[in-house]
Every structure is written in structure tokens, then in C-alpha cells.
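In what comes next, chain A is part of two complexes: it sits with chain B in the first one and with chain C in the second one.
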Partner chain A sequence: MASKTIRVDYIARVEGEGALDLHIRDGRVTRAHLKIFEPPRLFEALLRGRDFAEAPDITARICGICPVAYQMSAVHAMENALGVAVTGPLRALRRLLYCGEWIESHTLHAVMLHAPDFLGYPDAIQMAREHGDAVRRALALKKTGNEILRLLGGREIHPVNVRVGGFYRVPSRAEFARLAEELKRARDLAVATVHWVAKFPFPDFERDYEFVALRHPDEYPFNAGRIVSSRGLDIAADDYSSEFEERHVAHSTALQSVLKRRGSYLVGPMARYNINFDRLPADVQALAREARLAATCRNPFRSIVVRTIEVVYACEEALRIIASFEPPEATAVALEPRAGVGHGCTEAPRGMLYHRYEIAADGSIRNARIVPPTSQNQLSIEEDLCEAASRALDLSDDELRDRCEQVIRNYDPCISCSTHFLKLAVHRT
Partner chain B sequence: MTRTTKGKRPERNVLVVGIGNPDRGDDGIGPLVVRQLAGRVSPSITLIERTGDALALIEDWAGRDAVVLVDAAAADTTPGRVHRIDLLQEELLTDLSRASTHALGVADTVGLARTLDLLPASVIVYAIEGANFAPGAALSPKVATAAEEVVARIAAELREMEHEHA
Partner chain C sequence: MTERRRPRLAVWKFASCDGCQLSLLDCEDELLAVADAVEIAYFAEVSSTMAKGPYDLSLVEGSITTPHDAERIRRVRRQSKFLVTIGACATAGGIQALRNFADVGEFVAAVYASPQYISTLATSTPISAHVAVDFELHGCPIDKTQLLEVISAFLAGRKPAIGGHSVCIECKLRGNVCVMVQGIPCLGPVTHAGCGALCPSCHRGCYGCFGPMQRPNTAALAVEWQKMGAAPGDIRRVFRTFNAWAEPFRTESESHGE
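Let's look at the complex of A and B:
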């Protein structure tokens, strides 16, 4: 008997198209492949020849869930190439915009897509029958995230107000004051969401990951910081290529990113939290402890708790930014095109997002490279699947399939972004 | 906005949403229908277009008395065929409108709103079977013809709604 294959041909509740192939021989998992078959997007080639100022609007189109991340990594990389630093109120407003995206994206994933796994429902609609309050809270939280994007980004999806150097329009104090009232309510809803997810049953599962995230001297990271890992990596974004490389694997249209010297690594909320716990405000740290999260979390199933903690942080940070808002003298810093190479690394909801651009003297883009978080996490996802499936071989194929899908959703993978993903097959032989 | 005219009851707060991406062939029929309804229906009726996140529909229809959704559907058998679904009486088939694996689709959103008691008193869905959803494609001929039919049917339905209410 000994050989068996379990296949999920289309993984639900993740963004994009992918599948999972699990091979089991003599009671051992011999292969777990995350097959990404979403066609390549070719954005990097599309950017060649375009003006540097177009990069934030073009790359925002890579993802409807995390367009801000693409805009932020793009503007930082361009400013890096042009030798310009955006500081003061404009820098703070970029963090505020990112708060909106984290609130919206994390809430959608944690409550609407991931929570049903833990509570045994097929989807959020079935879950809502018995957990209506939690779902209503999520809808209200998501609305607040959208509101930030609408006000500061110009619209909720694919915002249009971000430019290299700053913004096109900066909202008034009165507009921000109205947003702050909504954010105060959202903060309470976010805390209630943390308490709700903290009570979920979590499988006893830990792995020894190398966590990679940005680290800033005094901020929980959105836009700035050095690339730091739990095993001693500490580099500037400029040195990304010397430490990381992308590899093509036959079963995926997305490149798999590895640390050249060590292999797989993990980016995203859990990595960010572990590397930057000391950068969270004391009340958020206390909330994490109440939610039974240690300062370091190695259980990927608990990433849902980390996401909700980050939503609380994003609400508080947004409120702090609005409270200290001083209108900037200009909506953007003046820029002169020049030939150069620029690197930008920011923290998308799903993890670190790296952009590199080479621009010509006239400001046209000669080369572009974009490394999204899901490409970076692919190998870790496959390793998690191997480990989780090995421990769950006594389950029926259907139960094993569900468990594997849950493992994948721990990562909130964005397959559409990564194809530059899901069906699940288990092969038992 | 609700306007009150002397001697008349307040107008019903009605919303029409055209759902779809105009740059994806027949998926653009929802927005097209809404654009063609402008000027042909009472100015008190709100007309909006939506792409992407269907969950935001719950915010869009909050506080409305009635909502009409116009959306393309994956072709069952007959491109251009129009389905009129009254959600008070029928469920929306998930596979008729599911477009994304990540964001919730229109049917999911309607299901969720129904469970949470967040649906307006009247929800009518016009689903038009599409043939071609390729990026950059124009509406296919049968779907373009169906658009004219849907505009006329919705305009008539909205007039009737007003008439019943007056």
C-alpha cells in the first residue's frame, strides 16, 4: 500500500492560483510542492523604459490587497536612486497610509479567511452564524482601514495619491480629525479581535525559522530600517542582492527566494514581531502577553494572533501620527532625475517587499527587480507542509488536506504577487 | 440622500451598483449598464460602479431601502442570457459570481450580509452571462445587446418601484 498522493487542485481563501502536491511513501512525506501556476505577470519588463515617476502607480497594480506596499517600496527605491530623503510630516503620512493597509489586509485575512480554519467552519459565512459579533467587528475594522486609504490614498483600491517625493494632495487637519474618531473606535474593536483569536485551539507546532524583517532604531517597521535576521544578518537594503537570491523551480511560476548562505527564511507578521517586539508600545506588548504570545513566537498557526496584534498597533500608530500632524510646507519634495541605482525595502502586510531600480539620466527605468514576500516564504511554506503532514499522517486524506491548507493560510500567501498559486495533491505510496 | 417633497412620502433610498472591470471584456457590463442608466432614472437614485472588493458592498448598501446589483456571470450555456434574481426569494449561486479566491465574491458578500442581517429590504441581482473576459477585450456582441435589454428592464423596474411607493 505504502504509497499515496494527496492533491489539492485549487487552494481556496488565498490570493491567486496555486496547488499543493504531497507525496507520502512508507509513512514518510517525501515531497511537498507548492505549485504556483498563476501566469507570470512580467511587471519588471513592463517597467523598462517608463519614467521613474510612474513606478508607484504601475507597481500598485500588482496587488489589489497590498498596493500601498508596492507604492512605498517603489518610492523609497526611486528616492534612494535620486539621493533624496523624505522626512517630517510626509514621512509620517506614509506610515499612516501603511497603517490603513495593515488594518484592512490583516483583518480580511485573520477574521474572514483564516479564522474559519480554527473554528471548524468551511467559510466566514458559516462562521458568521455563531460568531456574528466577530465578523461585524471585522467589517467595521476593514472599513476604517479603507477610510485611511480613501482619505490619504485618494481611493481604497490602487490608491492614486502617492508620488515619488511625497503626495499629490495632503488632507486637512479637519479631515484627519474625523478619521481619528473612527480610529479610536477601531482600536477597541481590534483589541476585542485579539482576545477572540487568542482563545482559538492552536496545534502544538514550532519550527526553528530564520526570521527576517526590517529593524529601525526606534519604530516598529513600516518604511524604514535595516534588514535584520534572527541569525545575525544585519544589512542595508542596498546589500540585499549580496545576501539573498531567487531560484527558479520547475513546479512554480514564482521564483523562490533563499538566503545564499543558509537557505529558507521567513518574512511577515511573525518575523516582524519577533525581531521588533521591543519596538512595540508597552500597552501592545502587554496585550500580546495577555493573548499568550511570548516575545518570540515560532508557531506559525499563531501568526493569526500576531496579525491581530499588528492591527491594534496600526490603529494606535495611526492615532499617534494624526495627533502630532503638522501640515507640510509642500506636498512633495522636488526631484531632479539622474542616472543611478536605488533600493527600497518596506514591510508589506505579508512581509518584506524589495524593489531595485536602475534609472537613466533622463529618469527612464532601465531595469527593475521586485521580490514580493510570498516568493520569499515559498520554501518555508513547503518545509512547514512537510513537517505538519509528517505529524498528521494518521489523519484521513480529507483531514490531511484541510490541515495542509491551514498551514498555507498561516502565511496569508499572495500568489498573484508572487508570480513574477493553489490545488493540493497527496501521493501515498 | 433622501429628499422630501411636500405632500409626498420621502423617496425611497435606492442604490444601483454596476460590478465589474471595464478592461476585462464582458466583465464590464455592470459598469456599462450603470453609466447608461444615468439620465434615464430619477436623480434620487444613486448609481455607483465597483470593481474588486465585494465586501465593500455591505458599506455601500447600508441604510438603503433597495439595491439593484448588475454583474457579469461566468457563462453557463448562453452568453448574453440575463438572469433576474430576487434575493428575498432566492439564494445566489456561488459559482455564478465568484471571481476571486482571496477577496470575497458577490455571492459570499450577499450570504454574509444575509447571515448578519445587513441586507436591504429589497435586493435584486441582474446577472448577465458573459463569453469573453480577456484583458483589454470589448464586450462580445451578444452581451452588448443584453446590456441594452438590462438598462431598459432596470429603468422600468425603478419607475415601478417609485410608482408603487408614491
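Let's look at the complex of A and C:
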């Protein structure tokens, strides 16, 4: 059998610009490359010399879909460098803000971008003609997530109300009470969405991943916890560099983040869920079982179900935070600049996001390092592509291409985020 | 049933964060109505259907930072009856235009282990530096209500009802107490309206994410900032964020030293 190349020049329904090359020779997949042609925006370079207080506003602009994640990793890293901890009501409000982003981002991906793969539509708008209720439900749910971001963040995309040390303004009890009414309705919509996606046809596909996620003694993780893996890794965020590295693989199109000594790993909803199933409330665990998810899920196609489970959790957690809300004494803790190094690791909707900053005595940033979830997942995506394509070689080229795109979308990749991806000349033959 | 030909909409991405095109998806109450009124012919973030041009209206997000994109925007222009830029990247070069004040080679080397593989231009420039633009919508990100107004206006063949006044007017309309008189430096007096005065409403100074208003008096505002204790380096920095390459902000930043 001759060799052939299957190519997708522009992957649709993902955030950012990417392409796929699949090389097949004698019935074997010899290479699968997820190519990134997103133009580099050089954030780590342009952050140098900026004030530490600007980091949450500037890094938010790395990604319009998960700006809260960038703001949260940035504020935690800066507070770590300055030796302050944000606790009590302000800490709880940060979790609430993250709930908003998870609801918004997960619903967007699961229903508007990913579900069409399972049901055979080019997009959610075509899908709405026959699944109008599901699409309208998702839009209402997504709107409630955005309501959290609007009230507490000041705006849905690139919130303005986040600062190192806390917030600029804390909403009133009355404002939160109105939000809670919407969240109660949203929780029901989220449960209905779980049941809807649970019925999708899932390819029989599992791989033995090393899952990596934050783990906290009491909470399902948003902002805090140790970095834990399914194969025994258990470190503080400060030790990130001792266990992870970004490698430039020969002939590869990107820097790939790997676990030293071991290689690829997986971050994101499936990793969080598998590592923290016992941190989910009993009713959410029961809902997961109803949706035919075991406590450990190794089928990346089912990540769509995990996302919807996390949306239910985020609705419930938001309601709990609002129910126990006590206005903080101040909207932010006082900060004094000092020289230091700080690390921050939080759970973006699509996985762990690491920031490290070195700041000078006057508070200016000396250097910055940002490792987004998609560059951590890139090696896993390529391994999934090899495996999934090898099992599907009897499909037509078009079907195989669709399957490969679906494999990529399983990860909800955020390509604009991936500031580390190298751009190589795209070879076309 | 015969159907009137629906106008064809395309959404394009250049160097950007995707936030401005996401604003269209954030129109949760209007999205399905928009999709009825127009044919979404090309919108890669949303649909696998990528129909060929020509297009009646192209919305362009992002700035031009690579030789390939400088060529691609010309193709987009040729296929588009109207071309509207959405957001600070497409309208002013975005935060990535900070490279324009620096040595891009040094920037690339600071980020990438193998700088030789990076193909990038020395500058990040707005779309208007490359092709004719029919309307520029400001904001980092844009305001979704303004986006719906722009789409409606172009499809109806009229001018968008979007003024060029400052954020100060929006603060007055909201009944905010001016943050400047409370000792908080604010870029509102020189910044293009459109956000609804979000930052002053959070008791924070505006940081200029909608870029310069029409005919801003940046020098007068810089004097006020100095009186409030801002150092020259601070003033330079605040004018150099998401709209740093927009002419009035760039010029003002250049008159304040380190």
C-alpha cells in the first residue's frame, strides 16, 4: 500500500489557528502532527519591565476564552512573590469567579463546539434546527456563567475587577441574591445537559494516561492545591520546574511540555475528575454514575461528559459560596512591592496553568514564564491521534479526517493560549 | 418556500486572543436570530463549514505580525464588500505591538529556545496599515451590543450609530462620582467610549482598553496624572498597553521618559 498524507489545513471549532498532518505508510500511522500556526505574541518578553500589578490585566489578553485562569494564576504567583495570602471571603470570591468561567467556557465547548461532532453537524447553528432545546438550554447556561463574570469581574471577557490582593469592588448581598436565583435555574439546565451528552455515541477508545491536576485537602480544585498525578507525583507549585520541562523535539512544530523522566501527561477536566472524584459532592458523584462515568475515565471522547459534570459542580459551588457570603472587611489586602520569585498554578477550564514571575524591589517584572494547558496536552493529543487513526484506517479519508479533528477537539485546545508554540514553515506538498 | 438571499458574513482571525470573535457567541439571546438573518459563511471558531467568498461583511480580529498574514489580509479584503475591524489588535496592533518599541529579535530570543524557527515581523500593525477598512470597532474586547449595532448597520446600508466621545460621558450617564476627584488616576478623559465606564464603576481608574477617543487631549491628562504623583515611567506605561501603537497614545508615551 502506498503512503499517503491526510491533512487538515485549518482545524475548525477550536480556539486559535492550528492544522493537522497525518502520515500513513503501509497501513501504519507513521506520524501525527498537530501544527500550530498561531502567530507568536511574545507575552513573556513584553511583560518584562511592567509593574507586577499589571500582570492580571496583561496576561488575561493571552486568551479571550479563559482570561480568568490567566488572571488567577498571575495574582497567585504575584502574591506568592510578595509573601501575602488572600484568605476568607476574598478567596471564596475568587472561586466564585472561576465557577463563572468554567460554566461559560465548558458549556461553549461541550455544546456549541464539540457536540456537533457526535451528532454529525458542521456547527451548533445547524444542530439547533433539530436540537433546538439543547442549544437554547446551553445558551441560557452559558449566559449565567457570564452573569457571574459580569457581576464579580465587571465584564465577561477580560474582567476588570481582579487585582493582585483581591478585587476593586465587592458586589452587595442583594446583587449576589439575584445571581443565586439564576444559578438555581442554571443548575437544572446543567443537569439536563449532562443527560443529553451522556447519550452520545462514544468510540470505544482508552489510553493509559498519566493524569495531572491540582489536589486540595477539601475542595475540588480551582485556585489552590498540590500538583498531583495518577502515578504518584505530589509536589508544590513552587517545584514545578523540577518535575516538568518544555522540550524542543527534533522535527516537531512546537515546544512540548513533558514530565521529566516520563514524557507525556494529560491535564484538563478528565485529569481533574479522575484525581479529585472524592472531592465532588455526593449528588454530583451520583449524577456522574447515572451518566455512565466511573470514578476513573480514560476515554478522551467522554471528556465532554466530564465537562458537563464540572458545570453542574460549578453551579452548585457558586450557590454554596453565595449562601455563605460574608462581606470582606476590605476589597483587597495591602501589598508592598519587594524583590522575589513567585509561582502560581490554577485550574483553567482546559487544565492546569502555571505562571512564574521574578520581580525586582520596585515591583517591576524581571522575567515571566507561562505554561498553558494546551502546550502540556500537545504530546498527548498527538499520541491520541496516532492511536485513533491506526484503529480507523478502514474509514474513508474524509471520515478519518473528521475522526482526527474530533480527537483534537476532545481536548478543547486553546491555541491562542499556547504562547510557547513554535511556528515552523508550514510545508505543503 | 423561496428565500431572499441572506447576506454572507465572514469572521477572520489574525494575531489575537479570540475574545472579540467570542463576543458574537456571547450574544446568547441574539445568536440564533443573527444566524437566521445572515449566512455565517466563514467562522472557523464556530463551524466546520468554510464557504468560499465573496462575503458581504467581513469582521476581522487580530493584528498583522507575520509576512503570511500581511498577504492573507489582502485576500480577505478582495473577497469582502465591507471589512470591519473588531477590537484593539485589529484596530491598533494590540498588546503585541509593544514589540514595536523594542527589538523583536531580542523579544523572540527571550521566549523561544530556537528563535531561528520563528517567522515574525518586526512590528504588530493594525489592519488599516495594510488594506482599506470600512469601520473600526474599538475595545479590548469589543462591546457585544456595539458589535450587533455594527452588523445591523452594515446589513441595512447605514452608518453605525457609535460616537467618538470619551468614557467620561459614560460615567456621567451612569451617575458615577469621578474617580479622579477621589485621587485615582484615570484614562477615561482620553479613552474612547463603548464599555459603559466599567472600571470607574468598579472604583478603579480606566486603563484605556478602548483606545483613544476622537481628538484626545492626552498632554493635559498627563499633567493631571503628574499632579497626582505619577512618575514619568508610570505615565509612559499606562499609554503603552492594549492600544500602545494608536497614534495619540504612542506620541504621548514617547514624551515621558523612563
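Here is the rule we use: the second predicted complex is superposed on the first by the 413 of 429 C-alpha atoms of A that agree within 3 Å, B and C clash if a C-alpha of one lies under 4 Å from a C-alpha of the other, contacts with A are read in each partner's own complex, and residues count from 1 in each chain.
In the analysis below, a contact is a pair of C-beta atoms (placed from the backbone, for glycine too) under 8 Å apart; a residue touches a chain by one contact, two chains touch by 3 or more.
In this text the structure is predicted, and so the values were computed from the model without any measurement.
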item: Fit or clash - chain C, chain B, common chain A; value: clash
item: Chain A residues touched - chain C or chain B, whichever exceeds; value: C
item: Touched partner set for A:Ile157, first chain B, second chain C, both or neither; value: both
item: Chain B versus chain C as contact partner of A:Leu108, first or second or both or neither; value: both
item: Touched partner set for A:Leu139, first chain B, second chain C, both or neither; value: both
item: Touching partner for A:Arg129 - first (chain B), second (chain C), both, neither; value: first
item: Contacts of A:Ile62 with chain B and chain C, given as first, second, both or neither; value: second
item: Partner chain(s) touched by A:Phe200 [first = chain B, second = chain C, both, neither]; value: neither
item: Selected from 7-15, 169-177 or 223-231: the stretch of chain C that, after superposition, runs into chain B; value: 7-15
item: Shared chain A surface residues [contacts with chain B and with chain C]; value: 10, 12-17, 64-65, 108, 112-113, 123-125, 128, 135-136, 139, 142-143, 146, 156-157, 416
item: Complex interface listing, chain B residues touching chain A; value: 51-53, 55-56, 58-59, 100-104, 108, 111-112, 115-116
item: Complex contact set, residues of chain C against chain A; value: 13-23, 25-26, 28-29, 31-32, 35, 40, 44-50, 65-66, 68-69, 94-96, 98-99, 102, 104, 106-108, 110-114, 117-120, 124, 140-141, 195, 198-199, 201-204, 207, 209, 237, 241-242
item: Complex interface listing, chain A residues touching chain B; value: 10-17, 64-65, 108, 112-113, 123-125, 128-129, 132, 135-136, 139, 142-143, 146, 156-157, 414, 416
item: Of chain A, residues touching chain C in the complex; value: 10, 12-17, 37-46, 48, 50-51, 54, 57-58, 61-65, 67, 108, 112-113, 116, 122-126, 128, 135-136, 139-140, 142-143, 146, 154-158, 160-161, 163, 167-169, 246, 248, 255, 331, 367, 405, 416, 419-420, 422-425
